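Next, two complexes with chain A in common: one pairs it with chain B, the other with chain C.
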Partner chain A sequence: MNATNDNRGLGWRAVQLVTVLVYIFMFAPILVVIVLSFNDSQFGGFPMTGFSFRWYAKLMENEAVLSAFQTSIWVAVLTAVICSVLGVAAAIALVRYEFPGKELVNTILIAPALVPETVLGVGLLLLMRWAHQPRTLWLLVLGHIMLALPYVVLVVQARLIGVRRVYEEAAMSLGANRFQTFREVTLPLLMPAIVASLLLVFTISFDNITASMFWRPSGVETMPTQILSMLKVSISPEINALGTLMIVVTVGLPLLGGGLARYLARSGR
Partner chain B sequence: MSSADRRRPWLLLAPALVTLVVLMILPIGIMTVFSFYQFETAGVEKEVFTTENWREFFTDGFYHMFLWKTARVAAITAILCALLGYPPAYFIAMTGYKHKWLLLLLLIVPFWISFTIRTFSWIHILGEQGVINVLLMKAGIISEPLRMLYTEGAVIMGMIHFLLPYMILNVYVSIEGIDRNLISAARTLGCTAGQAFYEVVLPLSLPGLMAGLLLCFVLAAGSYVTPEILGSTRDALFGNIIFDTIMGQLNWPLGSTLSLVLLVMLGVIAAIYSRYMGLSRVFKGLGA
Partner chain C sequence: MKKACAMTAETAVQLRNVTLSYGEFVAVNNVSLSIGRGEFVTLLGPSGCGKTTILRSIAGLVQPTGGEIEVAGRRIDNIPIHKRNIGLVFQNYALFPHKSVFDNIAFGLKYRNVEKSVIAQKVKRALDMVRLPGVEKKLPSEMSGGQQQRIALARAIVIEPDVLLLDEPLSALDANLREEMRTELKTIQREVGITTIFVTHDQEEALAMSDRVVVMNKGVIEQQGSPEDVYRRPETRFVATFLGQSNLLPGRIASVGNGLATVSLDNGQQIEAAAPSAAKAGMAVTGVVRAQKVVVGKTGPIQGKIISVSYLGGTAAYFIDAAGIRLQSISTIEERIWREGEAVAISIAPADCQLLDETGHRLQ
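For the complex of A and B:
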């Protein structure tokens, strides 16, 4: 550490300054949205003309927004549950077993994170067209599962590597069968990773817009596509209120979940 | 090993693998077939073999222009992300500040905030009624609002805003992994702080920097929502052309062709990268 800590010359000062500026760059626009959501003015931008909750009240009467919100929640919850089950099983196979073709399997599982979403979006639509299937909400769920799967596999894999195999071996040698071992030992140890993966998938699905623009059934809006279509009409102050609410949901949930995971990890010990 | 033991990993993998084979790999195959179908009229194509779609892509300068522009915009975005992202990553890795975890948490928080909201928040900064214009007009520096929104610059700004955390995390992970004794050794042997940085830290952090550049380039080149929100029609990227071709003109064969072009272009870049660096680095960055 000594070599770096007496490194407080001009260079280090510059690094410090850029760091502060970059953090401001990342958060200032978001803070502006939150501040403007309480603006009393008719228009979505500056100047502030007074403090008011009226755009939130108006939002609660907006049928389109409410139904988009419901759609997004349902899709995200289904996606989170199914995707986590698939991802946890795959991660266990990758960490706990040796088998031929592991490298290839790993690449396939991570691929959706690297293939452009536009291409995945077009591909899934073509599949539906080829199979003569209509676009339903299940298409959104399936698509979101594909998009989020790599992240679940990566997160659970990382956690599983940290869970030493001796615990499982101890349970087995004490007479537990494989299923009991999984339920009594592996699963509780994996709980923090599973909670983390559920929340991660939920946010990925709830946030997704690029691919969802292709997949949503005609006439159905998810939260992000609803915001986009509202933006096309005008920058109304309602959008700021909506944005603020979504920030509360998507930032609040993981923070809550992180606390929960820590609590579970502690009580599991 | 019994045969049941050998089957078990495949049983565990089957649901995930089948999902991805059906939803990702099969569709890319179908896409290839569709790119050789003949377009009749909106939403209708004939299942006969034709190379017309590919000929259209290779001969029409319109598509080359957009492909080139997309590559240029994505490259500018990735390089600016590297320049802006390196110092914070270095700071977080090297600082003795005890609330370092907070700086790291703040890097993750943007991933939780809706991409759509983060993107449109720039309208309030760059727009005619945005922070910059309102402040400059109040200060009397300008009399007419500057046109910053709905330009290529605004699109690049929006993409940097959403890609920067990826870059910082990738670089941070690789700087954090450098053995600090190497830096001390360089200093003891007479390097100045600056020399120690150029000779030791920078070369050893290159893999993280390259992973960040690849990730930023690929994600920027594939995006079409950012230009949709922050750009004018002139600032469309290749992704917007694909979206219009499929969802607007309902020209599935040509849309398939263009999607494959984007896939191959980014695939080649990722392949060149993995030839020299290995993709495992990028996976690490994604998992961070």
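For the complex of A and C:
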């Protein structure tokens, strides 16, 4: 048994080693944050002095953190819902209909994914100033929609190409009008893509820091900007707890959604 | 005879000068067609000749660029698809993958204000009709191709459409199943008495199933008639070559007399054909002879040599060189099969040779 392993040679060993190192490099920081969030010590670093939930408890009393968390959740949910509605509509128009300037519209919708966030951040701010609009939470939501919409359009478009046009044609030939066809056939078949994009957008919005720093109204913090401002003061162990919560939300939700999407895809095929 | 019948019987579908272009390309060119109630009409033609486009025009999935379409006495080319009462069966079934068999079949009934209890009854009856009782709860993905095709048929028929449109419905099935479904489809069609337009590029299918075959090429109708009609009396060069195996023998009419035209072929060989009244000496014509009508024997007017033989069981297919003209013959094997290189004599009965004029149309 071992002989065959040895036979694969040095090259194979090197690949294994590098793979392990890459994984360590990727996940060690995350692991450290999670482990340290349960550290009883005053300081946010090693060594561990005991296991405790005190930093989580402390977090729950921190008004600033709670309100930042709330803000982030609201912004992310709103962004996800609005993006999905707009994205589905856009994808359907782009895949199913012919209209002049289609290529251009497609490019414009996808463009924000290619432009650096800093540029987008400044750009939107300048636009708002020019239009004499105050910086409100709605601006933040609007910005996040702009950032995340390309991904929804791409995900839904890909799925829509897979949903063969004949299903819709069959539905209409049986007497369903356009709306009924959408509700009964197109939408259910798109569900996996819609769930996926809801989650994707939620995470994009929830995690965003660069653009959010430009767009948030003064005095309002989102989770990432809150963490950043806490870091400026000190590396408190509270931040580890907060980081762990962020990880749970941004990793757990997509996993949950992925499972849901797969379930929907299976029953929808 | 057939045409007269179609005129007097109630017309179910009427196409008047229907034209459909995709940009410059004319997919359907000025097609007029009248289909009687309960009739089974097949659109037959090579791939790309516009069959699907005609079906989709009737269904309302594409908009003709010219002409009129009437179904059940109602002009429909200007009303939206969901308000036309048309049953459509697609090549790949197009059953809704996320709906059960019951919901698939009930789909069209929901939009026809049919009561719930009646829907259940109708779905059950439809499933009995396609001989798949009791599969209501299954998903399409749990069924075989043939079963899915039957469900698709049930879904289209249960709404009692004015016309049933079938686009190559059997082409996705394997050969055995295809023949079985062919018979079954035809039986169901007869039982229900539903007007049916069937599209195929498979001539065997078309000849076996149809009351009337409409042969199409490049967006136009070449000929329509009973299966026997189009097979035995091709009106055009295209129909002659598309249906079955035919020999095309170009030549010139040497003389006409006694109801027979003597044709000098390009190699100097002469054959005789039943002379239509338009036949005149000196005309350039093409003789059309089915391979089955080229008789290979020991005696006959045309001398030739066997180039190749394929043994087909009860029959054999020969390629014969007759002084520079290549003839194809499909003959029953009498005493023995002819071998490659053997000298043979060929005879063709005048009644089995039809004449096409220079434009490729049958001399009348």
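Quick note on the criterion: the second predicted complex is superposed on the first by the 252 of 269 C-alpha atoms of A that agree within 3 Å, B and C clash if a C-alpha of one lies under 4 Å from a C-alpha of the other, contacts with A are read in each partner's own complex, and residues count from 1 in each chain.
In this text, contacts are C-beta pairs under 8 Å (C-beta built on N, C-alpha and C of every residue); 3 or more make two chains touch, one makes a residue touch a chain.
Worth saying up front: this structure is predicted, and the values here are computed from it rather than measured.
Novice: State whether chain B and chain C clash or fit side by side on chain A once the two structures are superposed.
Specialist: Here the two partners, once superposed via chain A, fit next to each other without clashing.
Novice: Kindly classify A:Phe99 by the partners it touches after superposition: chain B alone (first), chain C alone (second), both, or neither?
Specialist: first
Novice: Mind working out whether A:Ala176 is in touch with chain B, chain C, both or neither, as first, second, both or neither?
Specialist: So A:Ala176 only meets chain C here.
Novice: So in the superposed three-chain picture, is A:Arg262 touching just chain B, just chain C, both, or none of them (first/second/both/neither)?
Specialist: Neither partner.
Novice: Check the residue A:Arg13 against both partner chains and state whether it touches chain B (first), chain C (second), both, or neither.
Specialist: Touch partners of A:Arg13: none, neither chain B nor chain C.
Novice: In the superposed model, does chain B or chain C contact more residues of chain A?
Specialist: Higher number of touched chain A residues: B.
Novice: With chain A at the apex, figure out the C-alpha centre angle toward chain B and chain C and round it to a multiple of 10 degrees.
Specialist: The C-alpha centres give an angle of about 100 degrees at chain A.
Novice: For A:Tyr167, decide between first (touching chain B), second (touching chain C), both and neither.
Specialist: It touches chain C, and chain B stays clear.
Novice: Between chain B and chain C, what is the shortest CA distance in the superposition, whole Å?
Specialist: The answer is 6 Å, the least C-alpha separation in the overlay.
Novice: Which of the residues in chain A end up touching chain B in this complex?
Specialist: 1-5, 7, 9, 11-12, 14-16, 18-19, 22-23, 25-30, 32-33, 36, 43-47, 85-87, 89-90, 92-94, 96-97, 99, 105, 107-120, 122-127, 129-130, 142-143, 145-146, 149-151, 153-155, 157-158, 203, 206-207, 209-210, 213-214, 223-224, 227-228, 231, 235, 239, 243, 246-247, 250-251, 253-254
Novice: Which residues, counting only chain B, touch chain A once they are in their complex?
Specialist: Touching chain A from chain B are residues 6, 8-10, 12-13, 15-17, 19-28, 30-31, 34, 84-85, 87-88, 90-92, 94, 96, 103, 106, 109-118, 120-125, 127-131, 134, 161, 164-165, 168, 180, 183-184, 186-187, 193-194, 196-197, 218, 221-225, 228-229, 239, 242-243, 246-247, 252, 255-256, 259-260, 262-263, 266, 270, 279, 282-283, 286-287.
Novice: For the complex, which residues does chain C have touching chain A?
Specialist: Going through chain C, the ones touching chain A are 59-61, 80-88, 90, 92, 94-98, 107-108, 111-112, 141, 155-156, 159.
Novice: Could you pull out which chain A residues touch chain C in their complex?
Specialist: Within the complex, chain A touches chain C at residues 164, 166-167, 169-177, 180-181, 184-185, 188-189, 267-269.
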